[in-house]
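Letters A, B, C and D mark the chains as written, and numbering starts fresh at 1 in each.
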Amino acid sequence: MAQFLKLSEAIEANVKDGDAVAMEGFTHLIPFAAGHEIIRQKRKRLSLIRMTPDLIYDQLIGMGCAERMTFSWGGNPGVGSLHRFRDAYQNGWPNKLEIVEHSHAAMANAYDAAAAGLPFAVFRGYRGAELPRVNPSIKEVICPYTGEKLATVPAVKLDVAIIHAQKADRKGNVLLEGIVGVQKEAVLAAKRSVVTVEEIVDELNPPSPNSVVLPGWTVKAVVAVPGGAHPSYTHGYYKRDNAFYKAWDDIARERDTFTAWMDENVLRKGPEAFAHHAKKAA
Amino acid sequence: MRQPFTPNEMMTVAAARALTNDDVCFVGIGAPSAACNLARQTHAPDIVLIYESGTLETRPNVLPLSIGDGELCETALTTVSVPEMFRYWLQGGRITTGFLGGAQIDRFANLNTTVVGPYEKPSVRLPGGGGAPEIATSCGQIFITMAHSKRAFVEKIDFFTSLGHGEGGDSRKKLGVTTKGPTKVMTDLCVMEPDEKTKELTVVSLHPGITKEQVSAATGWQIKFATNVIETPAPNETELKVLRELHARTKAAHGGNA
Amino acid sequence: MAQFLKLSEAIEANVKDGDAVAMEGFTHLIPFAAGHEIIRQKRKRLSLIRMTPDLIYDQLIGMGCAERMTFSWGGNPGVGSLHRFRDAYQNGWPNKLEIVEHSHAAMANAYDAAAAGLPFAVFRGYRGAELPRVNPSIKEVICPYTGEKLATVPAVKLDVAIIHAQKADRKGNVLLEGIVGVQKEAVLAAKRSVVTVEEIVDELNPPSPNSVVLPGWTVKAVVAVPGGAHPSYTHGYYKRDNAFYKAWDDIARERDTFTAWMDENVLRKGPEAFAHHAKKAA
Amino acid sequence: MRQPFTPNEMMTVAAARALTNDDVCFVGIGAPSAACNLARQTHAPDIVLIYESGTLETRPNVLPLSIGDGELCETALTTVSVPEMFRYWLQGGRITTGFLGGAQIDRFANLNTTVVGPYEKPSVRLPGGGGAPEIATSCGQIFITMAHSKRAFVEKIDFFTSLGHGEGGDSRKKLGVTTKGPTKVMTDLCVMEPDEKTKELTVVSLHPGITKEQVSAATGWQIKFATNVIETPAPNETELKVLRELHARTKAAHGGNA
């Protein structure tokens, strides 16, 4: 059953050095506040998994929390490169970073398979593409009916999934709305999960019987962190801070500007620093 | 009198014109997004735009900076999960036209968005393939938009992120791929199409004021020209107006140094 | 793009003798009115596919429309047997019926695979069960990572999918709410699809951005048939007629009572006969 | 003074008592549905009930006639598609306890709901397995409820619809199945549990007023009894009241000859 904790407690209890961690959210609902808490708690040797590493993993990598990253698209969307990821991968700063690279389709299928309790997924992918040459975990099976060769990917293996959502009720049931990405799959794939939410409410009141809801018994810890997705966004609450995404390019380009920004905005702050981004749409 | 326009505007307009009202498009960020929404706001009002974030049939009023901006979901018919997007909608064969671009392209329209240099020790580590490897083979056809330069249009790409026409000819068929692959490459200088037999990219139209020599000089291999190379019709007033308004709204919406 | 047709036109245009037809709806939203129209149009040799054949296939089978049924549970839920199915299968009345039998998990996966454009599905199923002995389409693959043997099922192959839904807008976009079963998968798996709806509206107004919506370009024909799911039900409109499900046991038990009922309630009626069941919940 | 009760009520109450407040149950129609909702309305208010129609954490006020009655969706936390139900929730290993029943059961709690007689030429064609083949192996444990008779409790079942303990002993393990399988069989006469080693069903408690002889006479094999067979505690007043009210509401709701 879901426990209601402070963010520091939730991360302390659920994220250990060396864990395989997925912090998901496809552009939307990225759990930045939780990422900052991991940085403050100085986790090391994490194996980070995420389709689109985005700024959140650029920050974790630049602060030395990661030793491996599994991903399918590692850029700053619409802006350019993730400088800290590149610096770590190309120059080993602040430490060496190993990569495991897939396509989006492969990653999405790998999450789906894990949520479904399967050891692998089958998909029609990578035809004529070079990634299978450099990623030995990409294999193939033959369809027993048609003889077609199809690609396979192992299910993601997660110690912990961390996501951000609109709200939770007092039983820890969680509502996600809008671009829901692979978050349900990530939570169902993980041994443990931490969910930060904009607000905790008495009644969840999902707008549709088919709304995306995670039952409280699938979640390990729930934490209210208003604004906790910033500079990503929360549908129905506040918008994506596209200006910040653009500004990040300059902040992260050099090691010293990055370090100074992290010191001022992460190390010397707490989750309450996100509150001023919080806003509920009318 | 013709309004002046930028090479990038010409590229976007050329891409928009290639789209029809019946298309179901898998849209990427940047020029493809501009082209698809320009088409939707001009000659193809019913075109279906799909972004890989799960937003189905979306009608953004400003261009998204990311593939998952709130604007896309708020104006979509419906939004599905990312596994569903890649499984039911892309792999399910429901997309007529997919857009791709890249850091490098070869004469058979194979693309590299992964690395410059060797994979294990790249000189530049690029973002990677994202949706491209499966977009390239699952969509009915592929349109490519890229700025034309010798650094991008190369004899040999450093990494095969996504399949174009492979080694040319019936390469796709040999790989068991039944979709058409790249049918048009729109650059800021010209429009190319694969030769029917060899599948080598061939210039079919030059943008106004652009010469064959300029295209050859910006291409890393000996680029071929069709027998009858035409001039790409310049963007008309409506196209430019709609495109510029779209960009102006976008800049205002995203703030900062857009 | 979706065409707006009369029910007789939609069935005439989309359901041919010998077609592989799935009329889906897991207890909820079963397209009875469309089934009755198929009976009136005297379709023959249909290959009927459905997880839970329910009364709708009992009726089609008893009226001689089917030569094969692919299914996973063939009963009258909470009541007992489907007498017409049994009579056809055991006694060949009114004609011989071939069966292809799966488990629910297999059928659900087979629909999912077809919607995903895959030739087959992998699932952890049938372990220690006897169905693989009698259904040669159940095979297995070995996980290329763990060596685990897993079951496979071929993707369903459908000429036409027929479903009932709450509403469609004037572009043919369809909203389904409540127990949504495998209907989205069935429509996406089929070459053609017919959707009957309670009402056609100017604005679909799905309650959630993640509501289950089928775009009009995935649908071939849309028909307004208020009450068209009766004795099944439409969430938000009218309830399941459980009393009729119980009454069916007596109606269908004998050939003559069945034939008389079908003559009076199907052959001599049209889709407008369903209208008096239609009701929108307050 | 003890209230009179029917054998079926005793069976349902016995099944309800075996459930805990922490269980996540995959519920079937009929006795399982009654047992699970009785448990929820008495000692296990937080028990999570899941029906294969996709309704997650449902709290019906009347028992559903079908597995997908509107009542289930209207009172559910959320409702997912049927593929998701079988893939993420059942196969995903999230269910602690699944309920099954059948037309025939053998001494190792293997079940038949498919045919009486040979599969190809049955004397009675039954509804078939539905969810059972995978419920039997994916849930943490299985509870079985069945009316006790020689026709149902047979030496040899005609068809292995779903796996119980196979041929006994470590049969499940040999098949690579890691879940417990049937841990309790609740009938209208008694409660049985598999022997720890042999996995053969063994009577552990007799319902009030039932003798060993009655059980033996209603079982198609030589049924074994535990060393200390106890008497099943009779339904208490609250249990009977809640169960009967549930049935009364259900009868009123479903109409006709309930």
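Note that a contact is a pair of C-beta atoms (placed from the backbone, for glycine too) under 8 Å apart; a residue touches a chain by one contact, two chains touch by 3 or more.
Just so we're clear, the structure is a prediction, and the values are computed from it rather than from any experiment.
**Q** Could you tell me which chains make contact with subunit A and subunit D both?
**A** The common neighbours are C.
**Q** Report the inter-centroid distance (CA atoms only) between subunit B and subunit D in whole Å.
**A** Whole-Å distance between the two chain centres: 57.
**Q** Any idea how many Å lie between the Cα centroids of subunit A and subunit B?
**A** 28
**Q** Taking each chain's centre as the mean position of its Cα atoms, how many Å separate subunit A from subunit C?
**A** Their C-alpha centroids are separated by 39 Å.
**Q** Please set out, as single numbers or ranges, the residues of subunit D touching at least two other chains.
**A** Answer for subunit D, listing residues that touch two or more other chains: 73-74, 79, 87, 91, 138.
**Q** Got the subunit C residues that touch at least 2 other chains?
**A** 116-118, 123-124, 148, 178, 180, 184-185, 206, 209-212, 235
**Q** Write out all the pairs of touching chains, ordered by chain label.
**A** Pairs satisfying the touch definition: A-B, A-C, A-D, B-C, C-D.
**Q** Mind pulling up the subunit D residues that touch subunit C in the complex?
**A** 29-30, 52-55, 64-70, 72-74, 79, 81-83, 85-87, 90-91, 110, 114, 119-120, 122, 124-134, 136-138, 159-163, 166, 171-172, 175-177, 253-258
**Q** Give every residue of subunit A touching subunit D within the complex, in rising order.
**A** 115-118, 173, 184-185, 188, 204, 206, 209-213, 215, 217-218
**Q** Quick one: in the complex, what on subunit C touches subunit A?
**A** Subunit C reaches subunit A through residues 116-120, 122-124, 137, 139-141, 143-146, 148, 150, 152, 154, 176-178, 180, 206-212, 235.
**Q** Of all residues in subunit A, which touch subunit B in the complex?
**A** Answer in residue numbers: 26-28, 51-52, 71-75, 77-79, 81-82, 85-86, 89-90, 101, 103-105, 108-109, 111-112, 123-131, 134, 148-149, 178-182, 184-185, 212, 233, 235, 239-240, 242-247.
**Q** Can you list the residues on subunit B that touch subunit C in the complex?
**A** 24, 48, 56-57, 73-74, 76-80, 87-88, 91-94, 138
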